[in-house]
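Same chain, two partners: chain A is paired with chain B first, then with chain C.
== the complex of A and B ==
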């Protein structure tokens, strides 16, 4: 038994090989290559030249990068709480089994399956000046039109609205799953205890799903730092870079200006930011229930 | 702090499905009432209707003469102990107990006093700062009871509160519940499918089966004079023996009953009016059947399975015609499977059940 186990030992590796090869080729290698690139002056047409941390210095000194970083942070700071609060609100409203709630659950989740192209197309119809939905509405009520996609401030806001609409399904579903884990007899006990709806929410429901709230927040932080498609397609980062997120900066530096080393350095910085959020998620997700309060 | 509960013509339907049909029951103040019945008989539903967790389809429920079935659960003045205890997992024991009082604006000092009293009564004062997940099953149970006590309710409702405890703890908690009832003197309504709990705790047992109340009576009434064949079969362990009968005729002031298994037995019973022997059965408990000395006159029984319980021995066997019969014998009885025994019945303890299941008992028992 032990002998045959030892003999077949290396063969066991075959079972892991398919995944391992994908993992190495698509994750480990690009990760290492990205770090290598960020330490070299590269333009994709010739061999790179080692420049140490020079790319990082250039990135951090670049006002366009700092603006993009600020945009991304602002975007995350507003979109994530909105997603959490709205997702929770929808989940609370739809946490019962009737035909109508099943329909609405499906409806609110359906936007999540659309591609970013469709999403931005839809929201361009809403925000575009002249014939857009908002423009028409503003005209109807006699308000001066707002350039939702072309005004500094409003452009990032518009991207945020489209993003929240697009991403809301997942938080709602996660919250619904968590809500359904709460035993119904807790609510019955609360009813016998004369608890008001607000007390039930704050003393029973929210504490019971606290871990899911944290989880959703962190997943969304990781996701929203990677904002790119919506901004690219709706505002192209404008006006004046006020809606240009980090990933778009990386894209422009790397694939428009071909400064691949600098783009790689910016990517590593974004990677570090997301890594911190992911680590926080890991720590919270693996924490024992007793320690969760 | 104890109140009467009046349940009048209560029916519960879920769509086309009727789960309780025309239930009427009066519970006096301070009484310990047990709803006993098999799973799905509607006993928990009835309790939850008193609590207000289920709507009443038809009929009314009153507490102390005040109709409550239209009030929300919290306004009925009752407290409930759930089978799962339903403690709030994010609150400490003390917070669990004070939550209901805080909700109705009881003064802090008063809350503290009541929590302290309940904790002392239940010997859980040292657990007040713990969270439920740090407690054992028995401790959680006490907290759940404590949460009910602090409310000083008009009535306590218990939904199978002992079923999650191990056997030893269940026995001890049963005893403590009986003591608690003695001390508080409150009306208590207790749901269980365990007849030992029902027999030991109840002032009166309400036996339920198939959406209806089969019998309401003291434990001994229910045991000694079961109203129906179902009650006779459900209450008591081992279950009552049933022997099909062929004919019954009055013979003087005794009823002479002809059976396949026992031959003819004479029972001190009057033939009920309109009685038909068809489908009727005789019932007798194992303890009312005894093993006679070898060679004595009696009925032959072949033993099949022997259960030795220490203080007594249960002999499961069959009569000559194949009718199953359980006999309770002395703990030192040495019968072995396959043995042929002679048994004697205490005819004054025989019960007659007609085709509808209604029972007729000998006089004067």
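== the complex of A and C ==
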């Protein structure tokens, strides 16, 4: 019928040409160029000679890289479950449309629109020794002060607190959206059976949003592996590199010490880690249990 | 599916009162750091030198905010951020609408293949390309320029993906009538399709704007001259000489000042943002 008017024509492709050219020049080419860089000895003065996998060997043998990798893994292992659990809790608590709940939703999401520099400025004023909010509170209560930003262990923890504060809005919103999708007849059946709220939660609510929980977790893994600004601005990776994440390592190697080949190799390794998580996300997102569409 | 004769509300199983109280308590924890920084921003630097616990006592002052108007470069940075964020938003909207329209509603050779390739772009994180991009922009001397700050994020596949979804949702009958009238493809796009996607344009536009405004890594390495800083980078640079020359009160005021634009955008467009965030997940 009218499909004959939708004939394939190369001219129709002109609509995608502007974006595709930007896509190729600014994404595809740099992606390939990054791989090329990682296989060459490159410095500030331009491309050098082919060194094979030497850059990768140098990265993997670098104790600073291994420490950064460990920091990133620890950071992801603690921040992601916290974000998922808190986000899920808030979504459950605010899953009703009243004036109060929409106010709280707006409030919990509001920190997400701030830039990393504002977030870190706020949290530095909380954690700095002497003048910070925590220091003032500790003094009032009579506790000995803690060097939140300068003690190993505490510094990564402080970065994590700021990050959870900053990123909490997205998981909450995603969970709220998923909760809205649960068919209400499931709940009605449960009400007829006089099921306890806890039973409803574990038997109906959580299983119904299991896919979203996985999805949120993976999105957060991808995002938190890219931790950079918070650590750089709050602790500068210190003390002794105990809060330096992978991306900050790449930044320092590539843009402070200008060892471009090595930084490119490190970024390819991080890309591989993130790609695995993204693939998992794609698989889960496209697997549709309910045949809707 | 809802049954009118039942008073039963499914939400009541989850959103009960004790949970709400805990959420309210968490919101206080959430706001405490913000209240603290707002408090610092309305104290004079001299008072804060004596100790920050003076925040809880009078007198308060707006001197720090007035100082922003006079002494700092914050306004120049603010302007840079505005140019970069608006430029990026405009670029993303134009590119994504054109591409999304074609991917969703037109036929052309390799359409499916190209779309899949673009979708793969969603999985490429910034750090996989940033080093190569930095070199490329170096070759063309694009660092420390608005073009250099705007261009990289135009390649983001997210907008194309979002617009394709929206164009797909428009019923086929609407442009079929126009096709029968022999209107050109671009005319149909411009006169009929585009106006129908205004809500989507708003959503994508707000997101791009916020993302651009808050972008950190690229401006950090691309804009190295102080007068080309975006506000985000400018605030970061004044953090490094922390509490020395400028004082806690002044820095706090600067932070409040810098977060006002995004918070205002957020308050006005809250509904669009929520739809975009939750809509993207369910689809």
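Operating definition for what follows: the second predicted complex is superposed on the first by the 280 of 293 C-alpha atoms of A that agree within 3 Å, B and C clash if a C-alpha of one lies under 4 Å from a C-alpha of the other, contacts with A are read in each partner's own complex, and residues count from 1 in each chain.
Definition applied: contacts are C-beta pairs under 8 Å (C-beta built on N, C-alpha and C of every residue); 3 or more make two chains touch, one makes a residue touch a chain.
Fair warning: this is a prediction, and the values are worked out from it, not measured in the lab.
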Q: Using the superposition on chain A described above, determine whether A:116 touches chain B (first), chain C (second), both, or neither.
A: second
Q. Which partner does A:132 contact after superposing on A: first (chain B), second (chain C), both, neither?
A. second
Q) After superposition on the shared chain, which partner residues are touched by A:183: those of chain B (first), chain C (second), both, or neither? A) both
Q) Which holds for A:286: it touches chain B only (first), chain C only (second), both, or neither? A) neither
**Q.** Comparison of chain B and chain C by chain A residues contacted
**A.** C
Q | Intersection of chain A interface sets (partners chain B, chain C) | A | 183, 185, 188, 190-191
Q: Mind listing the chain A positions that touch chain B in their complex?
A: 183, 185-186, 188-196, 199, 203-204, 207-208, 289-290, 293
Q: Spell out the part of chain C that touches chain A in their complex, as residue ranges.
A: 1-3, 6, 8, 10-16, 19-20, 22-24, 26-27, 30-34, 36-37, 40, 48, 51-53, 94-96, 98-99, 101-103, 105-111, 114, 118, 121-136, 151-152, 154-155, 157, 160, 172, 176, 179-180, 185, 189, 210, 213-214, 216-217, 221, 231-233, 235-236, 239, 242-243, 248, 251-252, 255, 258-259, 262-263, 265-266, 270, 273-274, 277-279, 281-282
Q) Of all residues in chain B, which touch chain A in the complex? A) 51-53, 72-75, 78-80, 82, 84, 86-91, 99-100, 103-104, 131, 133-134, 147, 151
Q) Which positions of chain A touch chain C when the two form their complex? A) 2, 5-13, 15-16, 18-20, 22-23, 25-31, 33-34, 37, 86, 89-90, 92-96, 100-101, 104-111, 113-118, 120-126, 128, 131-133, 136, 139-140, 165, 168, 170, 173-174, 176-185, 187-188, 190-191, 197, 200-201, 205, 212, 215, 222, 226, 228-229, 233, 247, 250-251, 254-255, 260, 263-264, 267-268, 270-271, 274-275, 278-279, 282
